[in-house]
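Got some structures for you, see below.
Both of the next two complexes hold chain A, though its partner changes from chain B to chain C.
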Partner chain A sequence: RYVRQLQRLQLLFSPTAADARGAREFVEEAAQDFARQHPDVVLYVSPHAGPGPAPVLRAEYLNGTVRDELIASKTSEEIVQLATKLASQSGLDIIRIRKPFHTDNPSIQGQWHPLTNKPSILTVQGPRLQPQ
Partner chain B sequence: LLLRAARPLLAGVGRGAALGTAPSTALSTAPPPEKKRWLRAYQELQRLQAPPQRRSEKPNWDYHAEIQAFSHRLQENFALDLLKTAFVNPCYIESEEARRRQLGLDKDAVALQLQDNTGLAERGLRFARTYLAQCFEGAYPELPAKGIEALVNFLTSQELVSYVAQNLSVQDLALCRDFPAPPDVLQRTFLAVIGALLESSGPERTGIFVRDFFIPQLIGKDLFEIWEVVNPMGLLLEELTKRNISAPEPRITRQLGVSTVLPVYFVGLYCDKKILAEGPGETLLAAEEEAARVALRKLYGYTENRRPWDYSKPKQGLAAEKAISSN
Partner chain C sequence: VAKTSLTSPPWPEVKLPDPVEEAKYHAEVVRKVNGLISAGQYGRLFAVVHFASKQWKITSEDLIMMDNVLEAECGDRIRMEKVLLVGADDFTLVGRPLLGKDLVRVEATVIEKTESWPKVNVRFWRRHNFQRKKIIANPQTVLRINTIEIYPCLS
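Now for the complex of A and B:
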């Protein structure tokens, strides 16, 4: 069955900083709807008072990966889109995909090996049998 | 705006800058006063070399919310108190009582009102074993009891269950004494979760749960990787006598590089001059053994090209009645 790989989202922002305005609007308007639509993701909202680091959305996945995304100067809709994107990802590292194709059945009739079409030693080679 | 966004994400840097410019009024709630700029590299080294901590000891942790999210993630309705009992391990209870006794509390306060997960774990293990055995008996009717037992033992073994439990975040929620949780604790916790599901939702849904999480672990695995068979030829002879087929005759079908360091022999097993199976090997004995294994795989229906497992909705009643009656 499908198990969402995102475990929890932590929204770390400051209640007074100017670039955290989108984060504050997200918390006021869209956070509850997001939490209701994704009941298997735990959303933590932690405002830290006073000037602090830039507002960040921290995503933790089931395989232990922790991803930080900056949400400074982003609007509330953009943060919602970002959160849904993170919710549909798995925790695997984001690296270049070497090949855009993969198959579990590389060969249908069996892979060729030097003995594929060679007759076995036991086949008796002789004159053709006469029809009865 | 650009400057603030380019700030590093460490909390210490910002606060250090603020302390230098203006007196901060948030000292009462802030962590201990930051050290000077020239100690920051050392602090970073200390942070990287710190021992790993449980997730429950790091900031932002709500146990009840995490448990609810856990049950939603698995798309199951759990009775939450049963689920919370399922995560409590006996080693945790002992360590907590020892800690309280050390702190010098009364006898009443020392005894925790928490129940173990050993009962739930036993029930979960029994149910999982019987359910998986029934699944395999239905899917591979030719497989003997020892083979089914080997498959079930593999699926309920410590490594596999702890691997599944780790990837479902059970290690964050489980309460135990050591960190990181050892594999037998994870296995017991996950089986207790299955037991809790059995109590809350009944045997049918638990059967579907066990099927969804355990049977995909068999994908890509060969039968004789899981089931150790010492003498495949003897086993094959027994199987053939059961079906009243004469004993197999091994003959060399193909051979390559006989006089080299790496010869390849294909030995075929013939019953009444009809081919049963053919297997390759480096020496004649190895090839004969491999041919016997291929023949056994064909007879038991566990070849690589068998139909994949059927994960569709099961028929109502049948599996549940069997599970209840066997329990």
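Now for the complex of A and C:
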């Protein structure tokens, strides 16, 4: 009952740029292995000829967030590690989270309030109060 | 001897019950709880689990985040041992310190393995021209607790 949160991975690079060497090696060698190990992720490889923007690995998640990671001047092993890391993430923003836990039903036996486990006034046998 | 303010201790004196009656009462309580468990008359169960050097109070369908890396891949089911306490609406089972593995079963799934938000680690000494800046992103894992089950084999 586990759904991977990564929708597709787009690899944008240009085959002539010098800093996209790692991306080219990744496409030649490791892209098929990666695609086979993660069968529920779609991998698009789109080389754009000529000098263009820097090589980028774009990850889109099921809740619509798009994350770009630069792959310029990186070896293919690092790109593989990056891709696996992105594949196991979900699309939530990476900001400071306040609590490391989240429950929908926080209390089962009733939430504690200062009047639990205290005897009520009706049963106290004082000098003046009589039980009713 | 005259009674002063220090003859008896200030707390109210407690009389312990008879050990034989106590044993009978314990057996009765255990029988009742066993009956409830085998009849399945409990609603949600909560458990206190010792995991990743921390103790968590968990119910089913809730999220937990660890600040470390587990060796399981995303989507693996994990069974958590080291259960300290299990409770429902009417009764609780307290372990000393752990409960048996044939009593409780806690299952969880690894949902995602991300990194934390980039924390900045800056060291600075004034008047010494010393500045170091480092960005740290710890790996984190998110688990979702699937089920907590108990089996009627108390003693």
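One rule holds in what follows: the second predicted complex is superposed on the first by the 103 of 132 C-alpha atoms of A that agree within 3 Å, B and C clash if a C-alpha of one lies under 4 Å from a C-alpha of the other, contacts with A are read in each partner's own complex, and residues count from 1 in each chain.
Just so it is clear, a residue touches a chain if its C-beta (ideal position, glycine included) is under 8 Å from a C-beta of that chain, and two chains touch if they have at least 3 such contacts.
Please read all numbers here as calculations on a predicted model, not as lab measurements.
J.: State whether A:V56 touches chain B only (first), chain C only (second), both chains, or neither.
T.: first
J.: Touch check for A:E28: first (chain B), second (chain C), both, or neither?
T.: neither
J.: Quick check on the superposed pair: does A:S46 touch chain B, chain C, both, or neither? Answer first, second, both or neither.
T.: In the superposition, A:S46 contacts chain B only.
J.: Go through the superposed model and pick first if A:P100 touches only chain B, second if only chain C, both, or neither.
T.: The answer is second: A:P100 touches chain C but not chain B.
J.: Mind telling me which of the two, chain B or chain C, contacts the most residues of chain A?
T.: Answer, by number of touched residues of chain A: B.
J.: Which of the two partners, first being chain B and second being chain C, lies in contact with A:E77: first, second, both, or neither?
T.: Neither partner.
J.: Report for A:Q109: first if it touches chain B alone, second if chain C alone, otherwise both or neither.
T.: So A:Q109 only meets chain C here.
J.: Examine A:Q89 and indicate which partner it touches, taking first as chain B and second as chain C; both and neither are also allowed.
T.: second
J.: Once chain A of both complexes is superposed, is A:R4 in touch with chain B (first), chain C (second), both, or neither?
T.: Both: A:R4 reaches chain B and chain C.
J.: Take the contacts of chain A with chain B and those with chain C, and give the residues found in both.
T.: Of chain A, residues 1-2, 4 contact chain B in one complex and chain C in the other.
J.: Which chain B residues qualify as touching chain A in the complex?
T.: Touch residues, chain B against chain A: 1, 4-5, 7-11, 13-15, 18, 24-26, 29-30, 59-60, 62, 65-66, 68-70, 72-75, 167-169, 172, 212, 251-256, 264, 266, 268.
J.: With touch defined as at the start, can you tell me which chain A residues reach chain C in the complex?
T.: The touching residues are 1-2, 4-5, 85, 87-90, 94-97, 100-105, 108-109.
J.: Going by the contact rule at the top, pick out the chain A residues touching chain B in the complex.
T.: 1-4, 7-8, 10, 17-19, 39-42, 44, 46, 48-54, 56, 62-63, 68, 70, 72-73, 114-115, 118, 120-122
J.: Which residues of chain C touch chain A in the complex?
T.: Residues 43-46, 56, 58-59, 61-67, 73-75, 87-89, 109, 111-118, 142.
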